[in-house]
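Shown next, in structure tokens, is the structure this report addresses.
The chains carry the letters A, B, C and D, assigned in the order they are written, with residues numbered from 1 in each.
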Amino acid sequence: MAKIPVGILGATGMVGQQYIALLADHPWFEARYVAASPRSAGKKYAEAVAGRWQPTREYAPSVGGLVVEDANDVAKALAAFQRGDCAFVFSALEMGKDEIRSLEEAYAGAGIPVVSNASAHRWTSDVPMLIAEVNPQHTDIIHAQRKNRGWDRGFIAVKPNCSIQSYMTPLFALVQAGYEVKRLIVNTMQAVSGAGYPGVASLDIIDNVVPYIGGEEEKTEREPLKILGSIAGGAIQNAEEPVISAHCNRVPVVDGHTACVSLEFGAKKPSLDEVKRIWTQFRALPQELELPMAPKQPIILREEADRPQPRKDRDAGKGMAVTIGRIRPCNIFDLRFAALSHNTIRGAAGGGILNAELLKAKGFVVY
Amino acid sequence: MAKIPVGILGATGMVGQQYIALLADHPWFEARYVAASPRSAGKKYAEAVAGRWQPTREYAPSVGGLVVEDANDVAKALAAFQRGDCAFVFSALEMGKDEIRSLEEAYAGAGIPVVSNASAHRWTSDVPMLIAEVNPQHTDIIHAQRKNRGWDRGFIAVKPNCSIQSYMTPLFALVQAGYEVKRLIVNTMQAVSGAGYPGVASLDIIDNVVPYIGGEEEKTEREPLKILGSIAGGAIQNAEEPVISAHCNRVPVVDGHTACVSLEFGAKKPSLDEVKRIWTQFRALPQELELPMAPKQPIILREEADRPQPRKDRDAGKGMAVTIGRIRPCNIFDLRFAALSHNTIRGAAGGGILNAELLKAKGFVVY
Amino acid sequence: MAKIPVGILGATGMVGQQYIALLADHPWFEARYVAASPRSAGKKYAEAVAGRWQPTREYAPSVGGLVVEDANDVAKALAAFQRGDCAFVFSALEMGKDEIRSLEEAYAGAGIPVVSNASAHRWTSDVPMLIAEVNPQHTDIIHAQRKNRGWDRGFIAVKPNCSIQSYMTPLFALVQAGYEVKRLIVNTMQAVSGAGYPGVASLDIIDNVVPYIGGEEEKTEREPLKILGSIAGGAIQNAEEPVISAHCNRVPVVDGHTACVSLEFGAKKPSLDEVKRIWTQFRALPQELELPMAPKQPIILREEADRPQPRKDRDAGKGMAVTIGRIRPCNIFDLRFAALSHNTIRGAAGGGILNAELLKAKGFVVY
Amino acid sequence: MAKIPVGILGATGMVGQQYIALLADHPWFEARYVAASPRSAGKKYAEAVAGRWQPTREYAPSVGGLVVEDANDVAKALAAFQRGDCAFVFSALEMGKDEIRSLEEAYAGAGIPVVSNASAHRWTSDVPMLIAEVNPQHTDIIHAQRKNRGWDRGFIAVKPNCSIQSYMTPLFALVQAGYEVKRLIVNTMQAVSGAGYPGVASLDIIDNVVPYIGGEEEKTEREPLKILGSIAGGAIQNAEEPVISAHCNRVPVVDGHTACVSLEFGAKKPSLDEVKRIWTQFRALPQELELPMAPKQPIILREEADRPQPRKDRDAGKGMAVTIGRIRPCNIFDLRFAALSHNTIRGAAGGGILNAELLKAKGFVVY
């Protein structure tokens, strides 16, 4: 089967590079169109990333030879779309929020689906914010989105922030099993790769912890409510629970965000064994559809006293699984645990690719 | 004024070394007696710590020449006590808990006051567990302790675990100002020096976080209740509040424990400004007495968005102050903040020396 | 084809774990016999390594269920050999040198080939010290070894220290191309995993460099001379050149040893372009035989100014390739460069497995 | 005695901050004039560095209130000079080399002495490049400099690069003792603070080593020749020896540059004991004059096998001493050793202040 050609907007940035790296041997998709800032436009991709390539995995040789286009030039992308070189784009744009919002709309308006890693459209009410195992049904809002905006083929779908990935799927698994979750106090210890490149200065993080990441706590507290929301009246209506209070910290770890969670259930409270059973047995639509990026086991439980650990667990399920440990009662709420996910794979490019796979499987992306 | 001669039990271990280092230029005390395991006994101190000296500060030349005694040999210490070479001992023993408990009692029983860093006697009801700014009045229990045990001059006083030092003084300051604190969810990010030497293996912590420290959460949750307790019937009666739920993590930081705290007040709730005022203005008995190790300002507030940070703030007040930042409301409880203290200074040897200064000032240590 | 069953001595130690991890999907070999210290003997392997498993890759499920035998019990191994469960053993023993020497001889004397990672037999003159790409012809000394010792099937083959792996193959490639190398000043910056587990204390290496590794400089300076030696009179005769002077340092890196080299040629000196050509084109017997662990390209040149780097290059060629960069003239000698190899893969278990593949291909291991 | 008022150009940058921090309790000098880029000009110093202050030590309260001036505005500085608020300036300018060269000349031309940390004038033949213990006599070139340029009171004096500080004083001590040094192969392992702030990205250095620092090897190889040079014909004539070949690496260390050195003497070769004696006994003009920043013992020998180490030795002599260890013969040259100095104190602001003290003591700075 011929692979589906895809474009990457912001292809030379750190998240863009991760897309390119993860697509190098993807069974469905192939990077055939790369766009970035005007500064990189016109260069070959290999040249544009020379000395700045971050992933340990290499890019596909064919991508090295692609000419980088100007991401602002939607017409160029449309031409690629029309000649069959770009069925949809991954947006890993790094610009101001307003510019990204407009530009993603311009691509979608031109008929090119946009599967975005950017935060610009996360709070647009007719744009789904997807974690493929949690709210795959939110893709339905795309019909309303197209109708609202008069778009035929194009659409925008986004993914949430990397900081919530480690506990969002476990949280959802509990809710889905019938246990209401009322409140959550979350403490994250986040890897430096979450800040992009050059990102965190080494002088700020060697032998240190920084107890602040600009804007991160707000995202961590709000995004789960949209993800757990429901569709009504052509918009996603946010859930009202759980209330989340977050402390977000930066730690000297390359990849892998850890979260320590204290969680309060509603009246109906599962036993610890029941919690473990729910998490171990949790499977969702991506697993059922056997999507290529979907981890076979979305939530992995470690029984050792001292896991999960970022260096040892981040690559579980090829970086797409969540690893959980230290499941124990909370003295104040009901449940305590530690959770970990790979922020640049599940939390960024890998999560975006899985979303695209879901959208393809559901027929929103056609080729 | 001639300095008071002191002994250090466990003088070659990591905490013992910190005592030796901090006493190098202490205005009241002078290390004149050093004891350790039989393995080190008979060696000169300089020889016993050669290649194992951890503090960046050097030991006093006079200490290098002291012969290390066997810490199990209480008679040797008593002889030193009687000839005026050891008015009391700091216990930094590293043995089994039961052995430490017996040995500290043997010293006290022989008439030698023991100011201990060990955890063995923390839950003995007639032994005070002191933070000099928080519960200096708990030294009064020593009268009952002596009476209970038939001791005349000797006694035992201990200090709490390093993990609670960063938030215990701020917590107490609020309580003292009349604001009941009901519940606390605490997430600590603790330095490797807290585990002693060799302690944490580098393979476990470079590019990593370990979300578990054996026994630490239990200590973190229980010890504040004794410290906030009151004396009645010849014993310290534990407080019943606040209820604490802790997540203790090890991070790649050399020195300095950070805590992220969510805190719930009782019915009476201070404003953020009132909280800041209470903390900034907090002074206690050690400041009033101008004890040498007492920080002039016990609680330092940083207004920057990203402080406190271990590498930048651990040395505040010569390692004896607590630094606080990120004071903000909690979505679930009332107050959120981040707090930091130096675990091997305030949290270990420095805290022990301050306790000894308090005991000296109050007349429990005589010379 | 049925896989060849192999045993691992010292299977629960850090290098032993790496063998188990790398053998998990090896096309020729299968771990079927595991032995360790009496402390682990009798436990299932999964139980014996619980909480101590270091590799990021998991062990094969079948290995988890193997009962760990006592490595001192050669009879047990012989029984396994005779029933077809152990065609040869990898030695990753961690004991005193003399004990390892005797024990490896006992296995070989019992007829069980020993492919060793230990240093005990590196200087035994009839034991080959192999880097498969450099001195594969040294396997011939096994004939003399067997004759000297009256062994029929058994033998011992060892591999050199991890610190020389990064520059030994490049050095050999130059020699083989006809350029005599007279002198070499080498500065290594070595990863903590080279010291085993728990190995380097975190307090010794966070925010630090240790300019000393016990015994390492001596090995670094001497071992190349045996590897470049020739067989004569039933023994390996050491080469006399190059003279090496080493500075070995420990740095806060998890995996990957870096070496900075200044090198002096004899009268005939290649141009930098010639050096690059030699290294890029270098292939040896393992590549010719397409041995499973052999990297396709043994020496990889990076043209970027700032490579090789341990975190970015250690996994090149699945951890079996050497990466070189910064090729430039030396102000004093002739050539300067930086070289890197993965110390626990190429420098330990991976190198040992490649040696076993070579010995199998040459008929020394039969099954 | 009233303190001498000094100015700091580039006062908000990382080196400028170090000057401010080290001057906070300097017995001779007081920061009274601060200048930086136009972006900071007009702000109070406290405001200009808010959230960007790097040193662990705080600035003097009086400095926090100074208004930052535009460093390009020499007239402003001259006014301060004339009203007695700035007897000379420290230059920690961070601009293009040509701009710095011109600007420093403008200050000197206006009559304001410039004691510079910048590299712009290091190769100007009538500008001394001073290490106060090594070439204090080079201050004499200032007479020629003033005459060449028609300056009366102003002059420029610079200091060398931080990478050579650890071995330059030891090298000089040997030369001064009558032992010619012919050749030197140096491998540096340099701290991230050497790259300024934000400087090295954490993604480039956590769990990593970067074997390249732009321009550093050239400086390391050339600067010692000027420092060891002699004054003739109104210019400093560079020495011709030693020939130096350098490998400069960046390691995950906050502060402290380590160098591993192999050194070849001329015909006359000292014993190791003689080398140790020379280094231990070395004292120079700054010690004789008891300059405030001068370490009592400029070269400290550590006998332990594994020292010097950056975290443990960088603060020796308040960061102004060089610490040496691992003194042993070289297999190829004559002598091997490891040396360490604090790059932001001795290697930057501390070295600059010591130079100013020397210039004051010699009468070049008047007030």
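The working rule: a residue touches a chain if its C-beta (ideal position, glycine included) is under 8 Å from a C-beta of that chain, and two chains touch if they have at least 3 such contacts.
Note that the coordinates shown come from a computational prediction; the quantities given were computed from them, not determined experimentally.
Averaging Cα atoms per chain gives one point for each, and the point farthest from that of chain D is the centre of A. Simply put, of B-D and C-D, more C-beta pairs touch at C-D.
Chain C and chain D have Cα centroids lying 44 Å from one another. Computed from the mean C-alpha positions, the centre of chain B lies at a distance of 40 Å from the centre of chain D. Contact with two or more other chains is made by residues 204, 206-207, 252-254, 305-306, 311-312 of chain C.
By the touch criterion given at the top, residues 50-51, 56, 206-207, 254, 304-306, 311-312, 315 of chain B touch chain D in their complex.
Taken together, the chain B residues at the contact with chain C in this complex read 54, 192-193, 197-207, 252-254.
If you check the complex, the residues on chain B that touch chain A are 183-185, 187, 189, 204, 206-212, 214, 221, 243-245, 247, 249, 251-254, 258, 260, 262, 305-312, 325-326, 330-333, 336, 338.
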